[in-house]
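Sharing a structure with you now.
By letter and in written order, the chains are A, B, C, D, E and F; residue numbering begins at 1 in each of them.
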Amino acid sequence: MKFIQGNYYDVLIEVRDLVHLCYELITHPLVGSVKPNETPYRSIILKQGINTDLQSVTIIENSIQTYEKFERMKSTPIWSQRILEDFQFVDLKLFESSLDSISLYS
Amino acid sequence: MIKIVHYINQFFAGIGGEEKADFKPEVREGIVGPGLALKTAFGNEAEIVATIICGDSYFNENLEAAAKEILEMVKKYSPDLFIAGPAFNAGRYGVACGTICKEVQDKLGIPAVTGMYIENPGADIFKKDVYILSTANAATGMRQAVPAMAKLALKLANKEAIGTPYEEGYIQRGIRKNIFREERGSKRAVNMLVAKLKNESFETEYPMPDFDRVTPNKAILDIKKTKIALVTSGGIVPKHNPDRVESSSASKYGKYDISGVMDLTEETYETAHGGYDPVYANLDADRVLPVDVLRDMEKEGLIGELHRYFYATVGNGTSVANSKKYAAEIAQELIKDGVQAVILTST
Amino acid sequence: MVKEIERAGLPVVHICTIVPISLTVGANRIVPAVAIPYPLGNPTLSKEDEKKLRRGIVEKALKALQTEVTGQTVFEK
Amino acid sequence: MLKDKKVIIIGDRDGIPAPAIEECIKTAGAEVVFAATECFV
Amino acid sequence: MRLELGKVLIKDMQFGNQTKVENGTLFINKEEMLNAISGDDRIKGIELDIAKPGEETRIMPVKDVIEPRVKVEGPGSIFPGVLGKADVVGSGKTNVLKGAAVVTTGKIVAFQEGIIDMSGIGADYTPFSKTCNLVVVCTPTDKLQQHEHEQAVRFIGLKAANYLGEAARNVVPDEVKVYETLPFAESLKQYPNLPRVAYVYMLQTQGLMHDTYVYGVDAKKIVPTIIYPTEVMDGAILSGNCVSACDKNPTFSHCNNPVIEDLYERHGKDYNFVGVIITNENVTLMDKERSSNWTAKLAEFLSLDAVIISEEGFGNPDTDLMMNCKKISDKGIKTVLITDEYAGRDGASQSLADADRSADAVVTGGNANEVIELPAMKKVIGYLEPADIIAGGFDGSLRPDGSILAELQVITGATSEIGFNKMSATTL
Amino acid sequence: MDLENQKRVLDLSEKYGKENVVVVLGTAEAESAGLTAETVAAGDPTYAGPLAGVSLGLVVYHVFELKDQFDAQVYDDQCGMMEMVLDVDALNNEVSSMRKQFSKF
């Protein structure tokens, strides 16, 4: 479990670096329909592998591009505490849903 | 009446060909060269108040200064419309037309139009930003190009709605625009399905990004006599990055002499790539660009020769247009230097 | 990039980590590499072994250059 | 048609070059005032 | 499986003494209806309002839109596994209040989107400006957890549609349409020479506010499976997806899935429409791989010649869409995709987060990022303040005069990925 | 058409009078024959040269059109070979059509 002090983008970049060090994506970085220029929160699950996972690389690179596309249009606003909490909550719920899915086969 | 400033190169101004391509920007009151044809096409609706002439080499070699200078000239006339070219298949003229049109549009807020042959490198670079009328590949297409350009230009000046590339004749800009079609989406999908089943033609509404392919070149017959060059998109550069190749969104590439270099070491080379953890490449750049191994093989006579220069860009964030342009330039130089095969490494 | 060099008439071999990306960008002769931060190396190996590994990949690349291909071909590990 | 006219010849390196046309024109009683061979490629 | 769909055409909606249909008008007894749908102690109060086509009314933030239907004959009830038993539906007779809809609204989280304008330019983009809408506004009790809130509103909406649907039980429909799909073996015998096609129906299944239910089961817990098209018309698939307004499929759209309707149109003429494969859009890559493997396997199992694949949502489902497309194409089965685009406000960015060469026949519902200006409306049902923070809105979106400048994203159903609309996009 | 040559054509037609000047072409391709004919009769269609926007209206022929005017033996020696190779009809048509449209003399 690694907490990245920063925003959605910082998490994506950290994940990309991990992917390049042979970590494998378990969850899709763009999970959920909340757009990357809205929520400052993002949880992504990875697993250590032996070789670079090609699919993970493609997906994380595309995700970063998608993030950049949205951020170019309009950057993430400075939200009020109440909204931030809601974004946290949705991220948590999506994260829990990921954990649920993983526990199905591990 | 709509006031127009027209931009042309030294050739169309009747000043001369390649030998005069270093001609510096100059403004002339009224019409010069192809402006005559535009005048006929515009009739009484618009008037060319000034023509700016600039040599193609001058423009491309002094891109920023030339653009600035020309922008000032345009500003003086405060026109309603700016037209450049048409440039047909003249590459540097095309780049000049595209650059200056974009500048005029962005900085002065004046609508601009140019014309080019679809394979003109300027078309690829600027089609997103500027309306580029699709023309023939040579000046003999002037007669067809000018009326269409004039029509499109007038529409822009009058702020009329611009139709599709097919209707207006401009080069597809790659911009997605919402439209309403005759049938609802599900019906269109069923129609497409039936067409596909019957092997009839259909048109996808969203073409996938370019999957353009190139036919492979012939294999090397005698590798022992072959001059091989190294190219990398992994951003390997001499220590401290003398050319300032950018860590991402590369706007240039580096060309580095490795004659006498047997091994890339931590002290001498590093990576400028921003897309991956640079520690390993910085410790030993051979991990990205295998100079050490190729030198050994050169010594052992397993390859003919390692080319004395290697080329480096960073892959990530580089625009397709830029990377195409660099690669084309690099390839030309390599061929000129007698290189017969290339090893390209990417991270 | 690899495509433009090929288009200009030079046979080119692409050594890269992410084969699918290489396929997407249109390389014709593809040799898979080790990992992104070190496509032609492996820091966990000794210097000698690492160089041996690198030489192996380069040899495969040279072989690829000497092999006639008609379409995109991956020269597997 | 050509008699007593001043003729300008634009020959073509890949077609009929100017000197060849000039030879012909002379037999028609016209004066060649300029002859050039272009390369149209 | 054979379903007779009886359409009771509704042209007007009014509150009245008795809930009934008379001459194309749906009268609603407000008291009775409130009684029928309340009872959830998580909800403090429910208000009902009516919004009709052409009125200067804005509904926001919209959670779901549901069409009132009633099972007149045959097994099961509407919304099986949720309001009734999990009986297999899709046969017999079902009546529909065509032209009426229930719209639920609520501020479940602070950044909610979903706008339906009943007139003006915004009305052109949403299919739900053409229906008479009974709007249900629920006020939650204090400190109600968001997922509890979401669930409560979802159920109240279904109950409301169910209640109104009952009004059509004993009405002779204005129009009856029969849809029939035979068991697979019989269907092959019926049209031995026609190519076999199916519909691959992708459902958003990612977690809170991103879920879809099949017979009451959270669809992220299913593996891809085959269902009869008519099951969908009886409410077998329900939406719990209320994030992406423009390209989610509200329950209304599931029941009226236009791909199913249009595939039936040419069934038996140009092809044999053998059934629907439902699949999900999951959060983990392994799930994505598994589900796409299964859809491709089922497509092969049914010896299909071609499929239409529809997507739901944005971003990671692009990966599911491309995986499905590629794996099905690799089996030699032809594919047509329906998606929408996020090409940026200027339309110049890459539209999808994934791409594959095999995706050579794509229908698009348009660019969700295109900006639109929605005029002020006289009446707002729901809450106007979220305009600033809804997806696709931005600082200053909501102007002092009540008009809204926002991306098409905010409009419910604007870029439908099951092809509900005529909107599309083209390359300029 | 070559910019230098355009200039010469312009100068010579002023010197001798446009009505006295005839241009004879030896062009191999119909398209370039037409363009050259158009240049000297109607003005430079590429608008790059001195004849841009200048309609001289000169009379212009392709050399093949004038076959009858020449000594047969000389013509045969000089042009006979190319006459067999090139598309004479297309060339003659192209040039004569330009002449009919734009020549003023």
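In this section, a residue touches a chain if its C-beta (ideal position, glycine included) is under 8 Å from a C-beta of that chain, and two chains touch if they have at least 3 such contacts.
These numbers come from a predicted model, not from an experiment.
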Going chain by chain, each one touching the next, work out the least steps from chain E to chain F.
2
Using the touch definition from the top, list the chains contacting both chain A and chain D.
none
Chain of greatest Cα-centre distance to chain A:
D
Averaging the CA atoms per chain, pick out the one whose centre lands closest to the mean of every protein CA shown.
B
Would you mind pulling out the distance in Å between where the CA atoms of chain B average out and where those of chain F do?
39
Gap in Å, rounded to a whole number, between the CA centres of chain F and chain D
10
Centroid distance [mean C-alpha coordinates] between chain C and chain B, Å:
27
Go ahead and note the Å separation of the Cα centroids belonging to chain B and chain D.
44
Any chance you could list the residues of chain A touching two or more other chains?
20-21, 55
Would you pick out the residues of chain F that each touch at least 2 other chains?
none
Return the residues of chain D touching two or more other chains; collapse runs of consecutive numbers into ranges.
none
Each pair of chains that touches, named by its two labels:
A-B, A-C, A-E, B-C, B-E, B-F, D-F
Where on chain C is chain A touching in the complex?
17-21, 34-37
Taking the touch rule as given, give the residues of chain F at its contact with chain D in the complex, in rising order.
1-2, 4-5, 8-9, 12, 16, 20-29, 32, 36, 40, 58, 63, 66, 69-71, 74-75, 77-79, 82, 86
The chain E residues in contact with chain A across the complex are 109-111, 146-147, 204, 206-210, 220, 241, 243-244, 248, 282-288, 313-316, 319, 342, 344-345, 349-350, 353-354, 369, 389, 391-392, 394-395, 409
Of chain B, residues touching chain E in the complex
128, 162, 164-165, 172-190, 192-194, 196-197, 202, 204-209, 211
Help me check something: in the complex, which residues belonging to chain A touch chain B?
16-17, 20-21, 61
